[in-house]
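Below: a set of structures, written as structure tokens.
Shared chain: chain A. Partners: chain B in the first complex, chain C in the second.
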Partner chain A sequence: MTYPMRPFELHRPADVAEAVALAGEYPGAQYLAGGTDLVVNLRRRIAEPDHVIALGAIEGLGEVTREGNALAIGARVTMAELAAHPEVMARLPMLAEAAGIVAGPTIRGMATLGGNLVLDTRCRYYNQSFFWRQANDFCLKKDGSVCPVAPRGSFCWAAFSADTPPVLLALDAVLELTGPKGGRKVPLRNFYGNDGRWSIGEADGGLLPGELILRVRIPLPQAPWHGVYEKVRVRGSIDYPLAGLAMMVRWKDETAREIAELRMALTALNPQPMMVPGTEVFSGRELDPDAVAELSRLAGRTGKPMRTTVSDPAYRRAMIATMVEKAAARLAPGLGPALLQQARWA
Partner chain B sequence: MAAHTYNQVGKPIPRIDNASKLAGQAIFAEDLQPAGKMLHGLVLRSPHPHARIRSIDTARAEALPGVRAIVTAQDLPDRLVGRYLADERALATDTVRFVGDRVAAVAADTREVAQEALGLIDVDYEQLPAVMDAFDALEDIAPLLHPRMAEYEVVAMAAPAGGNICSLNELSRGDPEKAFAQADRVFEEVYTTGMVHQAYLEPHACLGIHNPDGSFTVHSSTQAPFQLRGMIADALAVSHNRVRLVPTEIGGGFGGKISMQDEVAALALARKSGYPVRIVMTRREDFLCGTPRAGFHIAIKTGVSNDAKLIARTLDILLDGGAYAHGGVLVSWALPNFAEGPYNIPHLRITARCVYTNKPPSSAFRAPGGPQVNFAIESEMERIAAEMGWDAVDFRRNNLMPDGHVSTSGATMDCVMAPETLDAALALSGYKTDQTRPAPNRGRGLAVGNWNVGGMASAAVVKLNDDGSATLLTGVVDLTGVHTALAQIVAEVLDLAMDQVTVKTLDTESAPHATIAAGSQVLKSMGDAALRATEHVREQLFALAVEPLDAPPSRMELHQGDVRVKGAPGRSVPVTNLLGRAMATSGPVVGQGATGNYKRMPSFGTHVADVEVDPDTGQVQLTGYWASQDVGIAVNPVAVEGQIHGAIVQGIGMTLSEEMIFHDDRLANANFLDYKIPSVLDVPPIETVLVEQPAVDGPFGAKGIGEPPIVPVPAAIANAIFHAVGVRVTSLPITPEKLRKAIRAKA
Partner chain C sequence: MTETNTKSTAKDMRPGAVALPRGAVQSALGQAPKRVVGRPMPLVDGVDKATGRGKYSADLHFPDALVGRILRSPHAHARIKSIDVSAALALEGVRAVVTGEDSGVPFGVLPIARDEFALAREKVRYKGEEVAAVAAVDAWSAEQALERIRVEYEPLPAYDDPYAAMAEGAELIHAHRQRNVEREVDHEFGDVSAGFSASDVILQESFFTPEVTHAQMEPHAAVAIWEEYEGRLTVWCSTQVPYYVHLSLAATMGLDMSRIRVIKPMVGGAFGCKTEALSYELICGLLARKAKGTVKLVLSREEVFYAHRGRPATWTRLKIGVTRDGRLQAVEAEVVQRGGAYGGYGIVSILYAGALLSAIYDIPNVKYHAYRVLTNTPANGAMRGHGTVDVRFAFESLLDMLAARLEMSPIDLRVANLIQAPTMTLNDLLVNSYGYPECLEQVVDASGYRDKAGKLPFGKGVGLAGSHYVSGASKPVNRSNMPHAVVTMKLDTDGSITLFTGAADIGQGSSTVLVQIAAEVIGVSPGRFRIVSADSALTPKDNGSYSSRVTLYVGNAALQAAQGMRDLLFEAAARGLQVFPVDVELVDDEFRLIADPEKKLSFNEVVELALDYGGTLMTKGTYATPKITQGGRNYRGAGVGATPAFSYSAQVVEVDVDIRTGNVKVEKVTVAHDCGYAINPLAVEGQIEGSVWMGMGQGRQEETHYENGLPKAPNLLDYRFPTIMESPEIHTIIVESNESGGPFGAKEAGEGSLAGFLPAMANAIEDAIGVRITDLPLSPEKVYAAIQRARKAQAEAVPAAVASAQASGKIAR
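What follows is the complex of A and B.
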């Protein structure tokens, strides 16, 4: 059974000013970049804008430029471009890694960084057809009043499930935004909100009405970060993350695995991508199996998977420690075998 | 290996339909656009798994501008129909039994208007308790899905057994209980498999036309034109010749396009509105209303003796049949015939029960029941060998059925090629029976599969055109490239080039009866019919040549457009010349051939899979795959390899990731993001070897190949996982979650 998309008017502005003016004129309008998320949502009627503003004709949002000791990445740079960009690969390999395992190759050719940053949160009760949601009495996030995931609460746990934001959080990226009410620069760490309904926009975080992401600025420090991105999904070829972790480390002494600074961020486990707080205390410590176990516990306190996926939340929870171990083993020379020695399931 | 001495048969000839499909010219049902006005039809489907319909009010929808007709059960004769058990209606009267059950249908000027109209039909449902699990359906307190089952007409094969059991089938030989008591060891285990969808590329679609003379024409993407025509005519209460079914190009079926879908709704709308009506399902609808592979629950018990012999086995199989008795009944009926596996077990009992649940009706899917049962059998062979300290390959070899084996159903099995495929797979993969693990978490598994192919009748006509080229007229659709093989057969017999043969699929009013394009039988059934029809043509040509060549037909042969006397190349006459004579005397040359229902042929295959398991995440990566398959003679080896590759990929899906998941009594993953078929990146390199030994019957010794290669896939992979990490997940699909849990439980 199929229900129609809600009709909308499509606008194709030629530049940023026109785009933002349109957004100001039509509250509730949505930007369309690669369309790999929005079009799916339109067809399911979980997105029902009256106006859609396509960004395809706007020039200048698709570049990666060096600006002093920062890299500025345009919002319309695709995942495929990001994954293969020489400077990104050289300076920020963990970002290239994350972008390179978003969805599958065809989608990566369309999917943009802007869309990835504000990917709508996902839930198995929400990412369904209108027919299905209607038959199931809808849910709190859209058209309904009860959240079947946590029926007694008034909170939405839909999971933010994009791959690049945890890396960008760890890298301390800054968003350059513009909107009907003017421009602003926001550290990504202050950007997202708490509730799955609004974590990427409106009430408690994310974009202000009509706001457009122009660029993402990433500082390039003198001593580079070593970083990796770990992702767990069902099919290695195309699926969204069930859990994702970015881990970055700067060594005081690499051969002794002595940490100068370590950062971790999670995705797909909460309504927003999250930095794991409390990793400062590891500076000066050796990244040894004990440290890994402590980091796992820390990360486990941050990641709160709920019944928002078909996969069991217990599995996603267990994957947090697994990802921490895998990431640490990839980053610290010689740590892998030591971790294996440890009786993890004792 | 047999030596081929043919011109066309055995050649890797590209599919004759490639060009039209690559150019986008092939016409699928969704492309059909009759001359003049056509309406867009949509079906209102039940949002509830089980409910009573108190009332349907179409008034608001009818008032919508652009709506041309709305039909409900009131517009149809009061008829229950079914291929095996007459238990369903084209449109529901008072009860709906699964989410997606047809309630009403709308035809409108545009699809959008039809969509809007659906929302304006008011249906008052009284929800009833739903049964979503086959075991629950067996409980005494379970709601009865079909309280009047006892009154249903048994059309074929079904053996209703009361309660929610729509078919109970059992076969046995010997005395298993006594043999278990005498066995040295007895092993018991339970295996389960998920409900999986065929996931063909093209969702169901049809176009219904009500003709001025009151008869009906329906175009449909179907594997089974004649069966479907019969069901549609029955539902409309007209004689079969009053429904002309025109099969369209078909974008995959795998057994999922045998049942009736929206055809009757389209025809009823066409009759009511006076316009042709096209109904095209969305992907979501096709997931909801398709006819998937039944989930199985298999209790298997095996008795062995210390000399590594299988002495006794019982298999108690519960099939989740879904809301209506579609092919689930056929599977239940067929199970006892193949569930003995590739082995010879003196004491055996196979019990199959197909039960109603409030899920989509399950039906045929590439070797229906085969991979499920083989998963249990071949997992057990490996487990028993490991526990007894036997070599698993020797254990199998020790028990494989011999040629001439008499099956549980009493049929004699000819051309049993089980040992040959086992040897071929071992050689191809370099499988070592004594091998130790190549690396931590890497493993290799093997499984021997059996399947019985074929069975149904067909007729065909071959006509010679005036230049000696030939056209095969057939009522069978081309699902697998089989039309290319049929053309090869005609070309072979008449010694024509491939482009001198056309294969034409005709509708049910024009073509003689044809088998369904399923059951790995088209090449045998229609191939034999085509072969006989072509031989009939040849006979007529030889008769015409007796006079000019002054030789008896027994001494003649066809050679590149001439009939000539064998061994005397100078004595020949052009076929065109003979056709001229025919026009003046006996008339145009038309051959006909037919084959009746025939005995199913056993077919075997042995597969070897290599995996790497991540014990932390439970993820399985396939790193290599080898398959040997018993094919009789490959009429077209590329087509045969294509079938093997495709079957393996589908098998990988049901083994590792595919499953229709029901949450809150509803299908939770009716889309290709959440219903996880393998993408090309998930598929390992596949190597195949064809074990060729001409089958006793079948055109040029060919055996069916469409289904058998899916049979051993789940067990081969499960055994590889066992080899890699020492644990066995007994339920399909083996998801990362389940495997990780099993690994942890062992640690």
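What follows is the complex of A and C.
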């Protein structure tokens, strides 16, 4: 059998108000939607709530609606629904792409957008059973005092490893939250903090105790973004990203590959998903192999892989440039062969 | 995955080869067209599996069952100073706690290496070892009880590196194994130094293959019922060899075997990890007896990694010498296997690795020096292709490197060294049927290898390799004069035939094969059969399902039992029709007079005649391996590798390498397997595909590494066995060399095609990008790193060397 869960009280509120009230009543309670992250963590006793608030009975969190020049996506929309939604596919294909390669089909049928946004950070020393962690003297993030990844530091390097947040960051998404102290709107860019222990909740805009994501609002600008999501993993399914990159571009002149604006965001390389700063200077430039090389260096300065996965961090670091090349080649047809030629030796 | 299946009858390419006569058994059956064997038949338990109707151990529901949980050692190596279970016992809902105190008799699959206890005594030797266990009314109570058990440890130096474990002065893991060496093997057949002297080209290379695990679908599970008044134990468990569980329960619980019944429900995959009796099965029995009731013990996936018994991390240094025309002159292998904390099958594994250097190519001189080393990691054991896989990776990789040096095609190098069968190898293994030449020819033709090797665009490559495997070990580990397999058969008034076998169907389809053999021999429809498999109270003792023995061994026994039943039925039919038995035929479950088919008796009428005066019909068939197949007697370890028949396989792997990620896509595999005769071509094809696929897992992405004594990834998320997304198109070709010792000519089908995949993939990568990788897995990061090294070497190389390498196609085209 899998490891037994520590007993907890399960609540099934009928609406958002009741859910939030329960969260106010029971500090430390955890919300349960798809359960693909939380249930595993319960069994491993890295989540040990006394109260779990299941959101399954609440209506109205599972819709995708057009609101003027924005798309609002309910937090309980599943990855499978997101990947196949006509409006999302038409307007935000990069988001559909990222959602469509989360884990495998069975997980995508359960995992929700809200859950993906607040996915617990991951580390090979943390995502282990109670027995394993105990036999390894635990870790800074849970039950221990030393981080095995960087034993001399006082920082947790667990990597934020969800696929959709880098896309949503680059798209300027805004979260609609509600909680025991009322509702508010937070730009996703202010949502995450940079310590793997509390990357959701540390930042100014991070989740306050008992807060719940209701919807994600994504602006749809007049001149649409062309965007792609690149994911590095060993298997074509199931795996979390070893590294992930969202790249979006608006062309000044598409045939000349002249950039109006270009954005990049990374995931699975840091304790939070991160916009790559400094891409503004590419405005007006051609997306050619030189520009790609510069973009790779920029992204490489942002992504800081550590020994948090069973794969070598040096490999994940090297893959940042590879992802930039692959993304650029997909966005700028004709660029691919030149980049591939560059990669060959002899 | 598309499946195309070509079936071909072996034609012998070799000059002067002798056609072997079919066995007497088959001659007696004549050349009548086959009605059941040789045809694809869905597995007899297929519907049970597909619908979920079938019951696996964890599905067995007993309302009063207690939940068993195991306390495991957090230390890799430590002395146990004390264990205090009083607080656990005091907890509400706890019915029994057991520790090493409860069982003092060691067990182990090899009579010469019984070094394990059901629960650790005095010492723990790896993180995850069983120290105590609890039976409680529910899982959380059991879990809380485990936390209340106080164990005092005194840590000892621990080793996950076999070279450190073997070093002078290292702490001994078992007092009786000096320098932590479970077995050193030093074999030389022929004169290796003379062979190297006669060689024109000698290459030597080091290879590393990390530890891998079976990753079977069904985790280990057992249910034990203790009947206190009668003093009897019944155990259901997910095992390949109920007999070994039976023996080990009796020994460790101090019970007479007659008081124990072992039943195997459906098994959801095993691949070797359920061959040995494992601690959890014994703990389940101990808990049930102590709780005086029923205990169910189901391991988590992580606990399966601690029970392990997988393929050991293996360091191989291989040296091969050949003449200019490609004839092998000498082979020298040095092998170190990291065995883990207990002996288990270790001695057999290390002997297999050496023995199976032979019996695929004609090698005049061979030397093998090897160590099986004890380390503070979970015990390794048997895994599909037991013993041969890691060394075959080295061998077939080095053959391609030699072919390049000789400027010879890898095909021609292999063909130049074929065996003239039948023959005895230098190490006394009988090679009888030998379809390897046909396998090579078939895969080369079907894959278009000759048009592809060295000719595909940069990044795409094709690789060839061969492999072989035994059809059962001729000498069982528990030596006796008993037959190696027994099948009984029962026919009663209902007209159904029940076949009783101790052989465990573990998903490989052995029950279906036995039904097909029996139905063919008797001449009745397979639907008339029921099969009872592996229940010690009902079925004859069997040595179990391992080393691909069931089709040949138990198949021969089933064939004999069926002949007995056929004789009884035909005699009765002849009596009823007032003719001789030879005048009768059985068609569509009717007995007819051959000369006048209108004169006939229904099957049930004949059953009634057959049962008159005597009642229920019972027949028995047995099989024992012929002496000539049992290996030599003149050297230590000669029994390992000996088999009634070797299977052969060749495969061509085609890859597409992404040089920017190091990701290798396996695009297509063309594989030919000589299984002697395909009793069930559907099952044979499935087994070949499964072998290829499992080889791909080890070849491309699977590995277990230890850090601080713990496996880094004891779960199926980070232990990255392949998904359907990595599954290539597999084109299987069945080659039938007609094994004279096998039922209808059949031999091994379930393991032999695994080992060839790994070197074929490495050879294909070399063909694709000019980079030779000698350590597994050929994972994206490994391939990417190798590409970076090649790139760096190329940048540093003097222009002349680059030009020369380019000219020979070794760096890039």
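By our rule, the second predicted complex is superposed on the first by the 334 of 346 C-alpha atoms of A that agree within 3 Å, B and C clash if a C-alpha of one lies under 4 Å from a C-alpha of the other, contacts with A are read in each partner's own complex, and residues count from 1 in each chain.
FYI, a contact is a pair of C-beta atoms (placed from the backbone, for glycine too) under 8 Å apart; a residue touches a chain by one contact, two chains touch by 3 or more.
Just so we're clear, the structure is a prediction, and the values are computed from it rather than from any experiment.
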Handout entry: First (chain B), second (chain C), both or neither touched by A:124
Key = both
Exercise for the section: Report for A:256: first if it touches chain B alone, second if chain C alone, otherwise both or neither. Expected result: neither
Exercise for the section: Using the superposition on chain A described above, determine whether A:90 touches chain B (first), chain C (second), both, or neither. Expected result: neither
Exercise for the section: Could you say whether A:57 touches chain B, chain C, both of them, or neither, answering first, second, both or neither? Expected result: neither
Exercise for the section: Report for A:17: first if it touches chain B alone, second if chain C alone, otherwise both or neither. Expected result: neither
Exercise for the section: Tell me which partner A:136 touches in the superposition: chain B (first), chain C (second), both or neither. Expected result: both
Problem - First (chain B), second (chain C), both or neither touched by A:232 - result: both
Handout entry: Common interface residues of chain A - those touching chain B in one complex and chain C in the other
Key = 1-4, 104, 124, 127-129, 131-132, 134-136, 232, 234-240, 310-312, 315, 318-319, 322, 325-326, 345
Fill in the blank from the handout: chain C partner, complex, touching residues on chain A are 1-7, 104, 124, 127-129, 131-132, 134-136, 232, 234-240, 309-312, 315, 318-319, 322, 325-326, 340, 343-346
Problem - chain A contact footprint on chain B (complex, rising order) - result: 42-45, 47-48, 99-100, 112, 115-116, 118-119, 282, 284-285, 288, 616-619, 621, 657, 661, 663-664, 666-671, 673-674, 676, 678-682, 735-737, 740, 744, 747
Problem - Residues of chain C touching chain A in the complex - result: 58, 67, 72-75, 127-128, 138-140, 142-143, 298-302, 458, 659-662, 701, 705, 708-710, 712-714, 717-718, 720, 722-726, 779-781, 784-785, 787-788, 790-791, 794-795, 802, 806, 811-812
Problem - Touching residues on chain A, where the partner in the complex is chain B - result: 1-4, 104-105, 124, 127-129, 131-132, 134-136, 148, 232, 234-240, 310-312, 315, 318-319, 322, 325-326, 345
